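Shared between the two complexes below is chain A, which pairs with chain B and chain C, respectively.
Here is the complex of A and B:
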């Protein structure tokens, strides 16, 4: 039969890679964070840059984590078969939620620097901010964040543990119970991601609001996660892991996800822009006004052309999505674009006079990225890279696009 | 041969559609398809009750050209929509709406998006029909009574007499070596 996979000789253990990657990652992480701390606090006047750079990179890595959690949820909700071979990687990426909680601490410390509404002197006398104060205040912000992280950590640990447990037992009931729980968790996921994006990104300009904002952040998150997942798979395969398990048929589906969410991201992004542009009400247009002036215009065009038109055309042909080299290229490209997207959301309101090019953005990225990748590698260390006894695994191994 | 005889021969030849062989399982028909492919036939087909993964490869079918045609359809819809709105709003009947410029791209995007999707979808459907030469009211294989089971539990391979490599005797001999049932000649 076509699609027959010799799974027995395939290497599903990360083995030595985990040690190598986690060592490099932790060294990079510590150096990056140390450099960020030094750049941010050794001299006067860089504190604001530090917190801005931290927020951008925090929201970037948080988006990958949440994208991973949604990936796991969506596969269980639909009973998907194609994705079983890559689901373990998603489970481990999602379970980095606890790391994101640690990385959230500096945001709490820098709350007053980052968020105008956290400063009573800014709020008092401002009619709109006074009206929003019952929601946008420091205590409630912390309570909400606590709830978000509680949901994300518990949900990601639940799926990781159940799924890893099934590797031992092979119990079909595990799959059934995960499918059942996936539905209510998806509801919690939708609410927490929406409000988290309101809190961490939208409230940076507290006068402004957009009801579609949560969907926009979610679209970019899932897009970036699929790119991260593709890159991870290709990296592991380049080192002789899961080579027979993941085939060009799976690349094709990963590529389709990237293509679909490139379009979805643009659809949501334009929907948000379109209504505000058409209605032309000052309290709404201000957010875009900042992004259409003083050098931010260039980045806005990069979003339209670089984040939508170029990858749309680039990912359109089928052979591109089936070839590991081209798929890997687009995965890296999309992650870069998504980072710029988060930057474009988070920074302009604090720096309306121009794009701040500051080494702190790189230092924070390397620091957080190093730790993030290190803990993905460590999470995979004592686990099978593939859910070895998932009842749908044989179908996933033999998967072919019809 | 007289002209009349010629015509009669032609008519007889036109009525002979080709050969049909029956198989019992997916594996059998798959291996047989690989051999027909390797023998160099081009005007032939397999008939199965359900889609068989890997059959395209076994038959040596090249990937469809349909996406390129659909891309053309999509671009036509996209550019046509922009052109239409430009002509209507900015040239033929300039009219200020909500203080926007006569020709403002953002306002045109929803229609452009919809027409791109519509033209792509219509091109996909009609392009698929055209490439498959559909609709076809009659097909040579329907002459066979046994062929009814192609929608139930049997697998078939048919080779058309139009195939350049077709030879009434050699092809029949070749087909009989494929491991299927008896070779059936299809008369329309």
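Here is the complex of A and C:
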């Protein structure tokens, strides 16, 4: 492969695609959010659906963002070579953290609707919830969220700016300093992601608890991010960008990450389910009980078969990971499964009587997704799609699996 | 090219083999250890000490069989004492070997080649030490075969729903695959020793185990396919073995044992303790046998980094457990954790935290990662801390559970302690024999990561055809600071 890389004639500028994509994205975003607002508030009784749908999609896009941040951190921590050609995309995706902060606003507004613990009348008299009130209360929730977003925004901006700056200077010192900073930031990342998952998802059923929950959300997030990254790369290549930079050898690694995290996600999900099932203590099994009744059973099976067994078998063969068409298929498939996973975590406790099929979920998805993709495209505008002067780039371009 | 080398150095990628050795020199360095006629005094001293300690293990087990488990400190409610602690400890030690040989191989971490043989051997001996304890823990060796689900006329079966039985399968599979992996990796090097043998006896023995290896392209090709398949098989085992071990505790309803993070937390702890043991053994061994050019500062620094990372993963688990014990609102759970940190076993708990979480923090500093004494001492701390982790988990939760009237303080007897000490005798005896008779560095694999292995370099005629040049090199492209 090395001989074929012709970096000089490769197009590393997103150019017109950014305008096209961002225009479509913003239009779709505004229309989607307007539709969501209309569906949610113009008719009576849909407010709950609105906030639930918003939360699912917020947590979905947040997971892509955080997965992107971890991807950047992990590459710097390990001094990885293969990934340099796709790292800029990850940096831009991670820097959507500020957009997630804006999208967080409706969750603050809907706190009382979403989180039982935010209602004093629910908490009072409930021994367990009273015990947690010093943690699960509105003010502390907001303070914590403020800290999370501060960490995520500062960290993602730091890496994006340093890395883009290196495009100008080509300074090796930039790489070294990013590697140094990545270590402490990873610690902050671990703490913030864990507690964010406790806050936004686990506390939806405030009686329930699971020590592995943060790892579960992380596993799904990274998986979904790699799928998103693969899809982005393939989309850009389809438009004639970075065609020489990213080769089937890189697809292969992206595919391997998807495979590995499909398995890791299953391992974490199994650990959680299995230990709770085996010990059979009512205070823990309640969470799964809801998911095994009233139509939620189907979705639980989809998690096992669709989120694990099918992609496990599908991603196993080497040629599938090296072929852009099949890799793209699995990337989209995994994103759909991860969305269902977030839905499966976030919704059953509020709707124990059955899966709420509501157009609001689609409206919120299109609205948020439109904005999300638009800002990824805008973030890539005026930037090289590949860290052009990263000292590891030549090796990454010539990268071969062995 | 010179400029490229400069960039590599600035990125911290020093060569994996230092000292400007060629292929032949690498063969010499490693093989000469095995071929030495006269062994260094230090080896004999260590061997006799280990063998003596192994004798203690034999005596203790003999006494246990003669008297029964009454000679141990186990009581009611602490029915699980040193035996399970030591079992989990030793199984954990083994994990670094499998991580290095399988996962780092799949992740193309070239630096693993200098340490994988060593760590894999350690894995096998550690698992043997671990297996001693389930075998003897009822003090009735004539019933040890009850561990296995064997059909026999009385139709007494072990409980298939018990994680203790799953352990038998998990550890058994792990041992088998690790052994195969280690042996397959050894074959080309055994052939090298065979080809260099000066006596007929050596040639016969090494030749027998080299399975007729001739270093042909076809041999290399099949070797590498087998190696990759075994790496793929061993990778889930790294996770599954200690996950199943954690089920021994986590499937119960006992506060402090039943928590969902146990499987990945045990795996991280196992890798942590395994790397601690690799460093403990590697630092003196490389000095004693002159391996400094093969196991360089860069290798040691990477291992220190892994200690730092896995140490903090363990710290993460400790903290989240503590937080959820409060958040969950279960008063028994809350008590179990407060009791751990401030109860009668607080000394053990804080030993664990200091050794596992605090002591590796020194590896944030580059000088510490490059100082042999610092890393040796910290690695000992890690071994101590990880043993205490299992002690804390097993003993604190059992000694004070739901009924205060049933509480009791567990105190190990001298027999307990000497049995544990004796298991080190078994481990070190096996290990010292390994470095005496088998190449402790994977010669062929190390050659594959040297610059000479690239196509632009020539073939070294002195080498019995055992350098994987021309054939598909074992791990050409690779990433990482490593």
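Going forward, the second predicted complex is superposed on the first by the 398 of 402 C-alpha atoms of A that agree within 3 Å, B and C clash if a C-alpha of one lies under 4 Å from a C-alpha of the other, contacts with A are read in each partner's own complex, and residues count from 1 in each chain.
Here, a residue touches a chain if its C-beta (ideal position, glycine included) is under 8 Å from a C-beta of that chain, and two chains touch if they have at least 3 such contacts.
The structure presented is a predicted model; accordingly, all values stated were derived computationally and were not measured.
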Touching partner for A:164 - first (chain B), second (chain C), both, neither: neither
Which of chain B and chain C A:65 touches, first, second, both or neither: neither
First (chain B), second (chain C), both or neither touched by A:79: second
Which superposed partner A:391 touches (first chain B, second chain C, both, neither): second
Touched partner set for A:278, first chain B, second chain C, both or neither: both
First, second, both or neither for A:400, with chain B first and chain C second: both
Touching partner for A:174 - first (chain B), second (chain C), both, neither: neither
Chain B versus chain C as contact partner of A:52, first or second or both or neither: neither
Partner chain in contact with A:212 - chain B first, chain C second, else both or neither: second
Between chain B and chain C, more extensive residue contact with chain A: C
Shared chain A surface residues [contacts with chain B and with chain C]: 274, 278, 400, 402
Complex contacts: residues of chain A adjacent to chain B: 1-3, 270, 273-274, 277-278, 280, 316-318, 400, 402
Residue ranges of chain A in contact with chain C within the complex: 78-83, 127-128, 131-132, 135, 172, 175-176, 179, 183, 187, 190, 194, 198, 207, 209-215, 263, 267-268, 271-272, 274-276, 278-279, 281, 283, 391-392, 394-395, 399-402
Residues of chain B defined as touching chain A within the complex: 26-27, 30, 51, 53-54, 57-58, 63, 67, 71, 98-100, 106-107, 109-110
Residues of chain C defined as touching chain A within the complex: 4, 7, 10-13, 108, 236, 239, 243, 247, 250-253, 258-264, 312, 316-317, 320-321, 324, 327-330, 364, 472-482
